[in-house]
Amino acid sequence: MPAALQASAAGIEIATDGVVSVGPAFMTLQAAWTAGVAAMVRAGARVIVDEVFLSGAASQERWRKALDGLDVLWVAVRCDPAVAVGRELARGDRVPGQAASQADVVHEGVVYDLEVDTTHAESLACARTIAAAALTSCGPGA
Amino acid sequence: MPAALQASAAGIEIATDGVVSVGPAFMTLQAAWTAGVAAMVRAGARVIVDEVFLSGAASQERWRKALDGLDVLWVAVRCDPAVAVGRELARGDRVPGQAASQADVVHEGVVYDLEVDTTHAESLACARTIAAAALTSCGPGA
Amino acid sequence: MPAALQASAAGIEIATDGVVSVGPAFMTLQAAWTAGVAAMVRAGARVIVDEVFLSGAASQERWRKALDGLDVLWVAVRCDPAVAVGRELARGDRVPGQAASQADVVHEGVVYDLEVDTTHAESLACARTIAAAALTSCGPGA
Amino acid sequence: MPAALQASAAGIEIATDGVVSVGPAFMTLQAAWTAGVAAMVRAGARVIVDEVFLSGAASQERWRKALDGLDVLWVAVRCDPAVAVGRELARGDRVPGQAASQADVVHEGVVYDLEVDTTHAESLACARTIAAAALTSCGPGA
């Protein structure tokens, strides 16, 4: 994203309480990004998209339309909000409040094929669970 | 690129003398990447691709086909090979030899709209030259 | 450490199985580093040293001598070796084998004031446990 | 520096115009840092300190006292302010204005053994000039 769209109402803003707002220019770029990723998959690449569904079900619907006809494994990566807030603080490079404000809304109305929970599970264990499910649902791929 | 394709003959290898070799799996991913970037531009994004044309004119031809019908500004970013070798060393994170082995071949047979030379010009000055030319050739965009 | 001492028998070497060896030039630099950190603390700074005791009790003894007369809180940061190996793999930037080869030896004969275990505890929780103990043993400091 | 001292009047503040202010807690830590670096050199390490002399000659005087009796090569790293401002912008991760506000004051009253100018010279060439002078003035070292 161009620097000019950062901290702009047309682009993306992260308020001092960690709430993220996006504007029309961000939405245009997001749609272009989504279309491009779909084209990569149609051309034979296997792609992992790590996305924060700020609009919950509406975010998923945008991706679902772009990925029409493709094999997709929808995975929820959950984390107890209190633990996520602690990890946000420990990272040291985030505007505090994002974890708390996003913890629930990003899953609202979203339908998943698989769920992992990083509250107590190791990242590697979650990754292996996802990889095994992807192999089953999407095939071995390129 | 998956870790499994790094340092693999099917993926990409950087020899101890800095020569880079790519295999069939890399070429498949590269084609998918190119197709996806083209789709992003068709969907309204303005994209800067910073690419090392390891196969010179053939590399450009692959991009030219993928970008068919789109406004493209082809820019050569040149640097005196001796200076490039010094910068490679100063970076400290590269396999020495890449700068020397790539300096000439990446421009072989490639046709440009604009050329900048970072040997003596500041990065910012080069960037401004490119931005001005892009505005003329591709319009103000989104 | 100078680049010339990396991957040198006089400096530090990380073998393909992840075993780390250090040479005489490394030991000289390590002693200078230790002396300098002690001087910083004597001058009023409160310092956290995150150290891998490759020589176990002998490593601790070197630090103990350098820190003579200063308030020190010795903290063991433990992790189940199998979990540490998984985290090493997930990081993606380490020579595999270091976690396994170091898991036990770094604690051999070392005497601690406090122990935390990151196998199941969050980093932030461990940090808070350590901070509370440091406040008690070393005072509020500068 | 502890997070609590960042953006605090007692620690260090970078104003929206790029002017840097430091407070008493920062000065204490700075003195401890300086004393520790001097102790490292006395213990046999050869150290490169890359410092911005926000107080010009007074900054140098603090270091001169701490390094009393040691071989020091004082090097000015200059850059045309207009070029420095362009590089600051190109980096993309700085509060704009620091380069302009510091360009002159950091050299005010400072006495050097050697001067390099990065306006037109390559970093590697400057580094080699410095290394050659250090070898002459400080000896080959450890």
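Lettered A, B, C and D in written order, each chain numbered from 1.
Keep this in mind: contacts are C-beta pairs under 8 Å (C-beta built on N, C-alpha and C of every residue); 3 or more make two chains touch, one makes a residue touch a chain.
Bear in mind that the values here come from a model prediction, so they are computed numbers and not experimental data.
Shared contact partners of chain C and chain D, listed by label: none present. Separation of chain A from chain C in touch steps, taking the shortest path, is 1.
Among the remaining chains, D is positioned farthest from chain A, on the basis of C-alpha centroids.
Per-chain Cα centroids separate chain A from chain D by 42 Å.
With centres taken as mean Cα positions, chain D sits 36 Å from chain B. If each chain is reduced to the centroid of its CA atoms, chain A and chain B end up 29 Å from each other. Within chain C, no positions touching two or more other chains are listed.
A ring topology is adopted by the chain contact network, closed into one cycle in which each chain touches exactly two others.
All chain pairs that touch, listed by label, are A-B, A-C, B-D, C-D. The part of chain C that touches chain A in the complex is made up of residues 83, 86-87, 89-90, 120, 122-125, 127. Taken together, the chain A residues at the contact with chain B in this complex read 25, 28-29, 31-33, 35-45, 142.
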